[in-house]
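Structures incoming, each one as structure tokens.
Below are two complexes that have chain A in common, paired first with chain B and then with chain C.
Presenting the complex of A and B:
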């Protein structure tokens, strides 16, 4: 096949990778701060897409990019405050099992509310068509996704590095008791972080809706992919999530190009290989909470 | 007879017998009954990992599915029958389990769970994609149930009822085998691993091997269930490998009850039944099951069976201990480990130039020592001396960076813990490390089992080895716990748990016993008990002891080795050590500084800023503070002195709210703050400079300061930088890059940024080079008069030179209080209270 087609697959890999990065970052913040692996991440991705579907006609696509993550984020904060918080003192596996139960409830709940059949989600007219960059032609919408993810990563970095709350989040991920000894209450920060993580999952869902359509099982693959990404990148590592998200995106996309049948399994094979060579993941940090 | 009737397997068999009848009455099908039986087997097999070993797998559907596909493929391509495909199905799942298990065994906890999930998805996609072989998304059809014929007997398995009974018999047999496994010596080790994996390793078990075996066994039986399911449906379909089913397996196991053997079967029945009945009312039955699951996770993690047990008030323990009586225990066999007898005076433990670094910190810096057989050696030293690190290297918890250690001419550095135990070295732990949910008897029996020939037996009954039982009881009697043998270990008092801790260490029949702070957190009478036990034990075992209770050390030891900053500074008989000036200096510091004198104005105030009254603090059962009382008046500089392990840091932890006191009062500005959350206490105006500084390594110096900022006046960032010019130069440096002295200054500055009224400092001079000590000392001297300070220090010299008043704490009680200059002037008193 021609270089042009190959380039398109590489770019598609970037787009896919970008979505994986969003999911992985959400998982990593939650894990780094709260110490819980959020199994419901895939279901929240799906919920994000459905909420966007629900409001897009009334509010227009740009608004859904804000409304959906905010609503899902609020739901996340409610879950943390009412359920998850009670399990912090218990065996960490209980938190895991709780988020697992939430997955069941959310996934089936979505089916209950919106039905089983896929929903139509057109590419917003403003982003229809293709961009021309010299010899290259690429979908405007996919380019927008890349731009949006870059903006989000920058925003998250700025939040963590430049705002007081972000500084508390960073400090709290290393020594939560010391933060409390400085007179800062951590409970609201934990709630916020969980909300932030779930909002990231939701916005990934919104962005991917026009690509693949909206259907109840859309989060399962992406959710598992997110776990593969954080396992490869090293749980709790910011740059690990970004690097391995992009890597996995490329591997999957290029597998579709070279060997479509193996595409789905490719990321797991990659993970198995990396874990054999570098058991702690690419950037592997030591996180006592989960080992 | 009643025992058989009440046996869980009897219940299960009855259940399997009546199930088809129940299904008929409920207007349901025999096939559904078969499904319940199959999922019961699957869930019980899964629970071998989850409930018994403590490994939560989210990927067991893979082995269920692989078993089914392997059997289907075998029937279609290999042998048109039932038996061969069944065997192939089980083998396929077993091999897959062995392969995956091998990759995963290094992982623990959440990482393990994540990876099982990923691998099951991988298998799902492989099966889904290999359409030519597996039929892809349409599944593998054309699988039949052939009749079984043996001589004149013929069973037409095509008949659903017949197939049900065949499945039930097979499943019951498999479950019976699993029952044997769970109650075998092997199964007991799995429980020990679940309870305390580290300790299981330290009594001599190769934990990885056990976990891998459990994993493979679980997979094999899951494969059997999958095979039976494929035959039931005449079909193998990819969804049986999907992570959704894997999650349902975990869910039904938890809902049924993972702490009981048959609990998962209850969960399986509930799940299948709910799925079938509810799905005829609503498509969304899984939501309701999900909600039920969440409710169980939140409120009853031991599932339905757990609820029943709570209602019946049982502290259940379905275990070996309950059935062993003194009658069934035979006489102890002679030591099953043959070791060549040693000569008196033979050097048992030889350590040569051992060193261990943690990054830039050198914990052990070239330690050499030799312990001859029969000696009772104590290792002492002030905080940070490297004692526990030394033990950790000697017992295989940490690798050495330099040097080596030998036990009876066998090298022990760089070897795994269980190998070192097998060689004859055993240890107890400073923080009690026992198997909490097991009985006292089982705790010791499992430790003794580690070197018994039966330790891998998977089908024998663990309680049937009379020699092992006798040995365990003997050991319990020897430490004085004989009459508490069948109580759950968690219910024991701290002192008794300490005795159990030692009994476990003894169960491995060591020649060298390393005891790490065996007297920590004990009340006076308990300390006597344990000390007596140590005196008795030393007649048969060589003992090396780490302790902070100096009186006990002086009374018990033949020889004492003193460590300071990772090196041996003295070694000799107790009396020699007491005379040794260098040792006293290490503990007390150099008394070269003249005291600053009382601060004018201090103590004129009538009301104390901080008043601690009769506070008792516990860490779990460990009674660390005994009725501690102290006052700090506004403007004062008060020192709290004591040797390490005395309770100084715990006192500060109690005041700051990190550990709530069991009773007593802590009044700050006359308001009781005992037990309030740390953030609330801090906001009232108490600031802490913690031991180890605890600077946020990922934040810059400036960020470490601004995060602590409270109040609008007083200490600002500008004032801090003016007072600590060193920190200004490091303004944008990340905490992780700072040196010890810089960290200490930053920690003090950070606490000041809170504009606090009471500043608590925990060992600010620890580990600092002399030049930096001077800097910190100057800073603290500047604070006198303007800030109220409570300084906790082991280095009495420096603290007394700064303070107005001093308290001395020993073994959790205040033993002296008075003017700082009194203690400063009285060398003999100082030595008695704080030296060796």
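Presenting the complex of A and C:
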């Protein structure tokens, strides 16, 4: 393995990991705040890609990258406000069942609206071709994905750390009772968080669309990987999701080089090992409300 | 609702007695008026085809092709004076496919089953229909195994097998002197493994070199790692044995990575080549392409566009042919009994009613039930030459050429492990 090939493998793994991070962050903030494991995350990823397919010719790719996640985020907020909210007082399993059902409804809805055939979604012309960095050449579009994910992580961090709403989100995920006692209503915040989480799934879908092809089953593997990433990182942990997403990306990528037959299993093996050593995941902490 | 109530109020005592009498006639005087009683009941054909997963798009085309065949047949009065009815189910995965096959056989009482795309599902359902002694026509699964080691008396294939596909592309690659240093990329399931075996044989027999080989799980969305490995191995040609949506993803990402190495493959589905668009490169074998210059193909493609608003892909063609083959068997056997249908199809040449649209007589081999037919090698067309977005391929070769025996590309009898079971 030459250094150039190794670098390319690491970069490919980074791009893969970056998309996992986006998915996992969405799942993680939803779980942290609402305590629901959102099974529909993979389907929302697919929906994001389809909405992007629908609007890209009219709006162009940059605007699509904003519009599709916003629309899917609004759908997420509607789902929270009309369906999910009713189940907060029930057994957590019911929330899980609801999102599981939503997956099927969304996937079938996509099939009914857009048909079963994959949709053509080309790499936007501005990002076509390769970027040259000294001896290394790397796809412009994949480089753009890396940049976009970094920007999104920074934006989400700033939102959570520096804004009043972000502070309520962080406080609410730790001690909702205390937040309520302080006279702050959590209802709109929960809606917002679910919308934000689904918007992150949609962004991942839009970014993947030019690479992975837009078809109804595109979210299945990514959705499963996102659960593995969140489990490895520690349920509800922000930095855990990022660290674990990047780690899983590298493990999958490098296993394709060294042990291609084990590539599919590699992330599950990693998960099993980590759960044996650290049952709460890499950066999972003890959360009173879940103990 | 209103209509349903209408029927129940019209169910007077007199009608009831008439129905009861007809029921009794059907039960006891079966031999006396078989034609009269049975004329009421349609001939049901079951279709198993994927609507979900990485092969999902093919299913939509397959259903449209089969539906069009049924409509054509019914317009001409059906078969044996009975209408034909199609019942379509999602083949999903091998386990579900077997359950759905049982449902079609036991609950819907279908005369025959057709369809199947995944070779894994086709093998599983093949075992099941053999047990149930119901005719099945495989219209979409390519593994040689289905016609060789695990062939069955009740299973026929209108779909080509991997040997036919690889012989076709091999014939072209040899002619163009492209047997050189190859890299294989293969779907990690029954179909891919079988195709890899056949493609390797082709390469070895012609003294080429294998510089690398990878198995990719089905449903892989990111092929960048495989592409980097291919780049590092520096082959002269990349030979893919991928299926379904994986083909779209691979070919797209291959172009996106700036790769210019020659691509060929052991298969292509147009439903998954169309979405690749202008970045499509390479040469592939295909069973049928809508621009095929035969009168039958032109007319049918036009009918299909009129009915469904887009040109048919190869799977629409496959299921269309399979439904017609079942109808021809029923017509020839003058019966819907599966054992008689099997006998009618062994050695059957598709009739003028639907001759396979290839402008050559196509016959089911009696000893392994494979429909002998030519394959076409298609090459990606430059976008500047497209007349519309469907016009992505041009046919560069028909294999075997006209005038030569269709046996030339099929599994030779000496190499086949097929042992058909006795009929009863």
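The criterion applied here is as follows: the second predicted complex is superposed on the first by the 285 of 291 C-alpha atoms of A that agree within 3 Å, B and C clash if a C-alpha of one lies under 4 Å from a C-alpha of the other, contacts with A are read in each partner's own complex, and residues count from 1 in each chain.
FYI, contacts are C-beta pairs under 8 Å (C-beta built on N, C-alpha and C of every residue); 3 or more make two chains touch, one makes a residue touch a chain.
Note that the coordinates shown come from a computational prediction; the quantities given were computed from them, not determined experimentally.
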Overlay on chain A: chain C relative to chain B, clash or fit: clash
Chain B versus chain C as contact partner of A:188, first or second or both or neither: neither
Contacts of A:111 with chain B and chain C, given as first, second, both or neither: both
Chain B versus chain C as contact partner of A:231, first or second or both or neither: first
First (chain B), second (chain C), both or neither touched by A:264: both
Of chain C and chain B, partner touching more chain A residues: B
Chain B versus chain C as contact partner of A:9, first or second or both or neither: second
Partner chain in contact with A:60 - chain B first, chain C second, else both or neither: neither
Chain B versus chain C as contact partner of A:220, first or second or both or neither: both
Chain A positions touched by chain B in one structure and by chain C in the second: 107, 111, 220, 261, 264
Chain A - residues contacting chain C, complex: 1-2, 5, 8-9, 12-13, 15-16, 107, 111, 115-123, 128-130, 137, 139, 141-142, 208, 210-218, 220-222, 253, 256-257, 260-261, 263-264
Complex contact set, residues of chain B against chain A: 56, 58, 103, 106-111, 113-115, 117-119, 121-122, 125-126, 128-130, 243-244, 247, 250-251, 254, 283-284, 286-287, 289-291, 293-294, 297-298, 301, 656, 658, 677-679, 682-683, 688, 690, 694, 696-699, 703, 706-708, 710, 750, 754
Chain B partner contacts - residues on chain A that touch it in the complex: 37, 83, 86-87, 90, 92-94, 96-98, 100-105, 107-109, 111-112, 164, 167-168, 170-171, 173-175, 177-186, 220, 224, 227-228, 230-231, 235, 261-262, 264-265, 268-269, 271-272, 275-276, 279, 290-291
Touching residues (chain side chain C, partner chain A) in the complex: 51-54, 56-57, 59-61, 188, 214-217, 219-222, 224-226, 228-229, 231-232, 245, 248-249, 252-253, 256-258, 271-272, 274-279, 389
